[in-house]
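Working notes, structure below.
Every chain is named by a letter (A, B, C, D, E, F, G and H) in the order it is written, and numbering of its residues begins at 1.
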């Protein structure tokens, strides 16, 4: 059985496989190609870097999109 | 038994003795000397004339005073 | 020499031939067919009656038109 | 003849005796005891220190008082 | 000036002369809607007014007669101005005025001829008619009316003693909704112009007086306040303040600044930039 | 209530406590632009104020020293509030405050850091900077500022003794241009809020006080009036009127009517129609 | 909705039916004070109005007759509404209306009976008299009047086709000085209420329409603008905007905020404080 | 002029150039609070705007992903202006701007740093800080701010692309509460000034534009109207009307009259009195 680690995703705890990268997380969420942007520990991660960023235990990940606003 | 007649006093029907004058009505109402003024059939009757005015059947009598107002 | 009479036309005195009618005055003023209306002595005279109205000494005639206004 | 030095007093150049202190300047201006306050080179000098402060060439001195204001 | 406190000249002001009476205070107050006659009396006193309005109503014959309002109004101190409130035609208003005169023996009347019970706004036709008739009968007619300047001019022609345009509808508390109309009335009319109705709070009174009104009449704004006696004091002071400000001649309005402290003589600016 | 005249309770009101001093009057007045020191003194006296502002300026060394303003202000009677008017950066304002304190030995200062000499509107950055520094130096800082509610909240956080939002630009005489902003400031800020600048006439003071301001500071509106002493009296009364009206609780505003005289009990209407 | 651009329903609106005519535009425009008849014609066209006012005046007999205004108004396109401007009594106004009808063969008349030449405000007595008489003569009388609600109600009783209260005095450019009065008129009167006089700029028209006016009549605001044709376009759009806004039902007013962006779902606040 | 209808010159107007983009419409609209994305799309289209705001929020991971707002905004037609609504400190706002740029690949951002969740009024300190940082990062920063003129001047100094003062608090529907402040901002600042927040109805937009604003941004006033699509049309027309009126040069305001019909040449007055 593979070890897992816990991150905070959009403010809520979530278990992810150890060794997973950001691109894999986005895909798992069904958001590949969607109009979203991602922050890791309060720093923007550009999409071309998503596969290079390996998730670490305790990471705070924000995945945001655009909604109606004024 | 004395005949009576009906007048309208402040909008309501009232029986008064035939032959009664206005001064007698005012006295009967307990208003002699009070700060009131009297109208008979939409015409002011000055107080010095009250005893000279005999009430007639169907007379419309208004007895008014002063109240708070702006 | 023909006798003349004096009327007041739009507030100013004017000599006209005795016997002239309103239609003739309008024509003399070059206003036949123009968009004007005529009053004689503060009473409107409809255009179909102009030739029937003989001017009299002292007549006050108003000839008006439409101008810009708000 | 005593050497003099040039200070800026309330924005204008002024010659003062070399070695003079602030208290002497104030006195020369006729302002001893007046309701004034003094700054030297943009720093407040409290009145009890006036006699201890020797003027130097190029000093910017401000002597201010209170006037009407809102 | 040696002692400003003792110089009444700065605050003195001619009386308001209207309808043959001479009032020291320019605040006229109503007597309606108070919790008790005692409160009425105290509010009148604190207000500093010397002219109070009252209404004419049928004696309630079903109840035993309690104390009368008049017992709480010292007639040596207050002029009483009866109104014709509640009348919706000229004829009722005229009758009401006559009844009031019979009780009070005063020629003064505040004429109200209202148009409808919902808005209580004055009916111009009935008001003009009743004014003509009451003037003919020798009344001193203070006329409650709209702020229509030419209506006020017509009332003056008819011999009214005062025109009393509403700042806003009776009891609405909206103050002076159209100061421009009031300004024009004050230009057109030589009579005392007394703003009647619509006052909500003290500044409304001050504004009316600053525009040049001769006086202000109010009732609900005091009687309906949470603390009527305190509001009576506020109205008294606001009336004086507005009158004095009118006489004192206010500064003009500008888009922006005009320094109150001198701009020259500041210490050298730190950055050298300065103004 | 047996004698309303003797019941000060109805008009009494707690003092305005600000910056460690306790003021009986809620009107603060400036001393600029008067025709003479005598007029200044008399206007202060009539105004009833017990806190007056002064400016700091270079001694005029070219002229012989005449009488000083301070000789005309009785310090046993008035708190003196020096201002930093004319300063266009935080540093000048801080220096000016220190100079004033050296003369007057008071911790009070009315901080003004202005943005430009044309509008004399306050610079928010310089104002925030200078407030922080002066508070650190132990001053009681009454801060002249815009009516931006969150700026006022920031000044409170920095330890200001009072925020003094402008009703409208200094000397503009436009009164309270944005009552809504003042209302929000009064909700957000627990400090005394003193409206400073913009007052044109008495009703402006009354309006500020009715909104709940703790006080009003003005200068040009009195000094620039045609009759300054009369206007001083007007301002005194308007300040009291507005405060009392605030405390008394005004009636609500309505579209229309609410009769002050009873609607029942009128005589039978002539036409039979009636209300 | 598949194609919002093609959905006229959202902007369509019933015509303004008044005095027996049916107007597509709710903007009525005057023809006075233009630099030339060409400019008049172009301004009318750009304004989108289909009802234009004209005045009745003596023919100038001293000058040779140039082109007439009527040549520049296409009567197949515009309803012409003659006015009685310049009349200071009922009788002159009635005569003027009759003269206009004789020229134009229209029952429409905009009645003006003015009180004095300085203010040009309407005289209520003359206006009521002339309305009664002109209605009796079969005119469709659109009555210029003050914003006195009960006067408007009286004019409706007399059979007027429309009441046309002034927003502010003729040519004053002050807009709608008393929106409250207009609101009450709209409650009391079932006739089309057309705001006449006082408009200064486009927003004044929008405000009148948003209050629920059936239309707006203006002249000087276009003719006296620096660029009349551009202002004609502005007025056209403002009238439509105000009408649509009235029909669309505006949001209520609040003291403060109501977020347009959602408040939930923001990223974790840096300081951890957050809302 | 031969055919006024075809003369676009009278209504043409330069584009609004801001932040490197060129907008044909001066109305900027938000996308919040609509009943559906379809309604959002239709309202944008009817409004005529070519710049729309959006907010940045966490993806809702608990729900299956439905259609996205972006599918309803044709980016070939609209510039998208992401906002930082909901941020209460500079750092969150900067992070939010970066996230938006990553999604949209636009340098544009509408910066909001709010002071508290109750009033949603902007915090001046956080706003200044975030503006400085975002400008340094190459953003085109359109800054939501208060109507404090010197704050706007400071934002211009920091390199903002536009200042966007609130007419009144977000969603309050109170319109332009302080036109005087806006006038001064327009004098002090050379940047495009876009009024943001507070619009309640069409006339509010017209008023802002008549004062000289470069544009108006609104959201709730359309989305919260009873009929949003109709209100979108009203706002479109009001924006054009206000802009044209500004350019056309309005008539001045006067106390009273200025006749639009000529005063000479009226018929002889019946009573002989006349004007």
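Here is the rule we use: contacts are C-beta pairs under 8 Å (C-beta built on N, C-alpha and C of every residue); 3 or more make two chains touch, one makes a residue touch a chain.
Being a predicted model, the structure only gives us computed values, none of them experimental.
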Shared interface partners, meaning chains that touch chain D and chain F: E
Distance in touch steps, counted as few as possible, from chain B out to chain D: 2
Far-end chain from chain F, centres as C-alpha averages: C
Mean-CA-position distance for chain D and chain A (Å): 68
Centre-of-Cα separation between chain H and chain D, whole angstrom: 56
Mean-CA-position distance for chain G and chain C (Å): 36
Centroid spacing, where centroids are CA-atom means, of chain C and chain D in whole angstrom: 95
Contacts with 2+ other chains: residues of chain H: 30, 32-33, 55-58, 83, 85, 91, 95-96, 99, 116, 119, 121, 169-170, 172, 174, 180, 184, 219-220, 223, 255-256, 259-262, 265, 267-268, 270
Residue numbers of chain C (touch at least two other chains): 11, 39, 42, 62, 64, 67-70
Inter-chain touch pairs (all): A-G, A-H, B-E, B-F, C-G, C-H, D-E, D-F, E-F, E-G, E-H, F-G, F-H, G-H
Of all residues in chain G, those that touch chain A in their complex: 259-262, 265, 267-268, 270
List of chain E residues in touch with chain F within their complex: 1, 4-5, 7, 10-11, 30, 32-33, 38, 41-42, 45-46, 55-58, 60, 83, 85-89, 91-92, 95-96, 99, 114, 116-121, 169-174, 200-203, 205-207, 210, 219-221, 223-231, 233-238, 240-245, 247-267, 269-271, 273-275
Of all residues in chain G, those that touch chain C in their complex: 30-34, 40, 53-59, 61, 65, 68-70, 80, 82-83, 85, 91, 95-96, 98-100, 102-104, 170, 217-220, 223
In the complex with chain E, residue positions of chain D that touch it: 11, 39, 42, 60, 62, 64, 67-70
Complex interface listing, chain A residues touching chain H: 9-12, 29-31, 34-39, 42, 44, 46-47, 62-70
